[in-house]
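Below are the structure tokens for one structure; questions will follow.
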Amino acid sequence: MSKLLTLRQAVADLVPDNASVALGLQMEQMIPFAAGHEIIRQKKRGLTLIGPISDILFDQMIAAGCVKQVIAAWVGNVMMGSAYNFRRAAEQGGLKVVNLSNFTVALALQAAAMGVPFLPTRTALGSDVARDNDFFSQIDSPFEDKQSPGGPARLHAVRALNPDVTIVHLQRADHEGNAHCWGNFGVMIEAVRAAKRVIVVAEEVVDTEVIASDPNRTVIPGFLVNAVVECRFGAHPSPVQGYYKRDNAFFRQYHEQTKSKVDSETWLQRWVHSVADRKAYMNQLGGCRVEELAVKQHAYAAQTDFGY
Amino acid sequence: MSKLLTLRQAVADLVPDNASVALGLQMEQMIPFAAGHEIIRQKKRGLTLIGPISDILFDQMIAAGCVKQVIAAWVGNVMMGSAYNFRRAAEQGGLKVVNLSNFTVALALQAAAMGVPFLPTRTALGSDVARDNDFFSQIDSPFEDKQSPGGPARLHAVRALNPDVTIVHLQRADHEGNAHCWGNFGVMIEAVRAAKRVIVVAEEVVDTEVIASDPNRTVIPGFLVNAVVECRFGAHPSPVQGYYKRDNAFFRQYHEQTKSKVDSETWLQRWVHSVADRKAYMNQLGGCRVEELAVKQHAYAAQTDFGY
Amino acid sequence: MAITSTAISERRAQAYTPGELMVVSAAREIRDGEVVFVGMRLPLIAFVVAKKTHAPHAVGLFENGLIRSTPAPELIYTMADPANIKNATQCLDMLGVMSLLQSGRVHLGFLGAAEVDRFGNLNSTEVHGTNGMTRLPGSGGACDIASLAQRFVALLEHSKERLPERVSYVTSPGNGDCRGWRQRVGLPRGGPAAVITSKAVLRFGDDREAYLSSTHPGVEVEDVLQNTGWPLRVSEEVISTPEPSVEELKAIREYDKDGFWTK
Amino acid sequence: MAITSTAISERRAQAYTPGELMVVSAAREIRDGEVVFVGMRLPLIAFVVAKKTHAPHAVGLFENGLIRSTPAPELIYTMADPANIKNATQCLDMLGVMSLLQSGRVHLGFLGAAEVDRFGNLNSTEVHGTNGMTRLPGSGGACDIASLAQRFVALLEHSKERLPERVSYVTSPGNGDCRGWRQRVGLPRGGPAAVITSKAVLRFGDDREAYLSSTHPGVEVEDVLQNTGWPLRVSEEVISTPEPSVEELKAIREYDKDGFWTK
């Protein structure tokens, strides 16, 4: 059963207005910018964005007016600092922000992935992150905790979070959605299992045999996936290990070019609205820049034998 | 800092009498039989064995008198059914058995790996597995559970379990203990993180560059490891993907040859006490049998590029 | 099931063993496209047979951490056999597959047991009988599958001893002792859908008690009742368990060539 | 630290930037063989410098799920840069590294912050000042590192605004408001070991309040006190922050060639 769709179809079918959308889950790598831009072009409204750190994609979607709420640990430009549209929206009250920490984003998604209403943790005790935050509840361990002679351990219960849609960018998938990924995973695996629907955007759609040749490299089994999209360079300007480097200049330029609301609109016009799809975006970026980001030195993983 | 030891040294240094030892963690694959046999030869006493299913290794260690207690979900011979020494010891009261299920073994180890006193689950509610078992405590979710209109979700809290020693067999490691593994993982990764000490037994000790070439294949970072042992065929008769097949006849013969206490002692004498190490064991098994179990058809994983 | 059994009766099979009938009956519990928690021993083959016949899109989950959407290419004795791992859909850890189970993504799980009782509770831990306690291997993943799958199917030999009114130890919760029991103890879903024995198939009514749904060809209803440890109710529409089709037997025999599991 | 600073003073360095001094001061907080939670920005370089100088056996954990026991071979702007992933010790997930952190296996964590207060509490979420609320990026992993590492070190620019008596939002718990506070709220261990600013290094006494431990070369004690938002106590043995050694500067400059982080 092929689940291959264009990015346009996948977003149109699977990301309705007011959905909660988890994306940017592998942290600074493999951020699904192409998918985010398609959501902007399709003028989705009232979204809740979920992700640990986001690195400028959330800022773009906020600038475009798609977003009602953010559930995240960090929203900004990792290399440069603040992201201006997020900051403006949060300061002026137009955006609801639920503050979590990286670990508690992971725990909330993992609780949902595991099918339990919460997971316990020792983090954020005494912090304001947990204050007036309905993702947190203080509980005591039902077991004697031998490490603390002061009685049972005090813990935070972190509430389960099920995204309506999880969007993942990665290196390669087959047409059923079985997908390989390498590099750091962040909270991607939990977010896929926690989600009601999953979109896999891959640099390459490959034969099923390629994926099946290495089942330990498979991070997503196809039966959890609703749509598979092939999209080269779909994570630019974030890096994809083995495919292209991080475009540091692009992040720097974004920082410089989006300080005001007007400038941000100009930026969106140029890089999102006026390009029909990722191909047009890449053309605008230019062959020279694309070439510069390409892999210069291959580094292949050691041979691994699944034979018997 | 090389951590290379012989199996004899590693067991002598790291597995004291009365230790709790987790082993057989990848289920029916890569069971550390060589390490278990060395523990038997060194006449360790009063051990608590921890593992999901064990597949005859626990039975052998029980037969040899090493074991005071078993914390497991299943103890037997997966292919053949019951394991007679476990059964005798449990029925005659000489062995304390803490019954868990596979999932709750995993959760107990994962709670310890995560540094929390428990993890919540919906499994085993209403079962006798949880009755009078101090790994379980009933709790209510502190959050409203929208799925059950009957009020907050009832859950089992499963208590954390920190083994004194975790012993893992796998395909390859470097001299610092950074280790690659492929095939199914079972509860190995949790058990390594949960343990106070870790012994890695590898089919091959390889250059650090081999392990570093594929950090996503690395299941154990060296800083958690106390000893690295190179031991070819150390998991026989269980299989090691890419190295040798399962020796089904051996499991069948064990079943037939260990029905009585006397027969079990004969078996141990032949396969454990009278062989000095794994090399002698393999000699006894014979070149023909070893050849039969070797990989007949290689099946290499698809190329993966970590370059940039 | 109606459609399947019609299709099967048209291509009635030659002689078959009781094990083959049990495997086929188990395989037919798998609907196409379902996610199945496979379990050890006979279900390993039932999954393969289903994949090769009526349920080509079924997905198998194995408690060691394996997911397969193709059948293993040759006979396996354990779920971690190299043939089950090579070309698997995904190799992960037990917590990964158990998370999928606990979050409700598994439609069907298979379980063996030493005892199954009137309300479909299973014992695979210890039997307390007149000769004292008999220790069995234990739960493995059975307790988890029975607790968390959308439905489960048990397989066992049919005898009065193995089908007592009440199991002496509840390893794997079925329907407890009445309708509403599972909800009361906090189980999120599920329960027994069928018990496939060497003589019959039992199913469960609205009151959650087992009833005789079909007897295997050549087995009298009276034989089943006499070998069951409680007064087993009999369906008004009790039928003969549909025999294996030629196609199903072929799938079994190509796979379990020496009849290790099914002889 | 005593041994290290003696060694350093023998090879006194040439001119260096404030950023370089902060990076070197951070690097020296890493003891050889320690497991360090590295964090974003300046600590990315501090870890590399430590690895290349006095702490070759330190292990770095990164919150995206990365473990490195060798320094990244070239400048990285984020922890997920391809150069940080290639030849890493392990690439796993965030829960994996956070589990190591929560179970007490991390000796030291580094944090940036917009505000640090008298008791070493950190704010990187929102500042409530006379001009209303200023929204910052948020915790990231900072709250977790401050909660769970055996000790943590904060880095920031030194000004009265950024070192208030009490942060307006506790993103990352330090010592709360007194000795015993961490234990009372349930934190399992840890707390601030040092605050490295652009003017000085603060440390924490038995009462868990910050005190001035060293001023950077050329910075007067009075300057530090006037630019701190509470009456900062001064150690009787306040020293001058040891300057970068030639070796340390070389490690920084070979790495951050254009001074992106350290100019």
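Details
Lettered A, B, C and D in written order, each chain numbered from 1.
Criterion: contacts are C-beta pairs under 8 Å (C-beta built on N, C-alpha and C of every residue); 3 or more make two chains touch, one makes a residue touch a chain.
Quick caveat: nothing in here was measured; it's all calculated off a predicted structure.
Where touching is counted per the definition, the chains common to chain A and chain D are B. Chain centres were defined as the mean of their Cα atoms; on that basis the chain farthest from chain A turns out to be C. Centroids of chain A and chain B (each the mean of its C-alpha atoms) stand 35 Å apart.
A straight line joining the Cα centres of chain A and chain C is 40 Å long. Put simply, the C-alpha centre of chain B and that of chain C have 27 angstrom between them. The geometric centre of chain C is 58 Å away from that of chain D, both derived from CA atoms. Shown for chain C are the residues that touch two or more other chains, namely 66, 82, 85-87, 91-92, 95, 101-102, 148, 188. Looking at chain B, one finds that residues 114-116, 121-122, 153, 155, 182-183, 189, 213, 216, 239, 241, 245, 299, 306-308 touch two or more other chains.
Annotation, chain-chain contacts: A-B, A-C, A-D, B-C, B-D (touch as defined at the top). Within the complex formed with chain A, the residues of chain B that make contact are 114-122, 137, 139, 141-143, 145, 152-153, 155, 157, 159-160, 180, 182-183, 206, 210-211, 213-214, 216-217, 239, 241-245, 295-308. Residues 40, 62-66, 77-82, 85-87, 91-95, 98, 101-102, 125-126, 132-144, 146-148, 169-173, 176, 181-183, 185-188 of chain D are the ones touching chain A in the complex. Residues 1, 112-116, 176, 178, 189, 193, 212-213, 215-216, 218-224, 306-308 of chain A touch chain C in their complex. Contact residues of chain C toward chain A in the complex are 35, 57, 59, 66-67, 69-70, 82-83, 85-92, 95-96, 99-105, 148, 188.
Those residues of chain B whose C-beta lies close enough to touch chain C in the complex are 26-29, 52-53, 55, 72-76, 78-79, 81-83, 86-87, 90-91, 97, 99-104, 106-107, 110, 121-129, 138, 147-148, 150, 153-155, 182-190, 238-239, 241, 245-246, 248, 251, 299.
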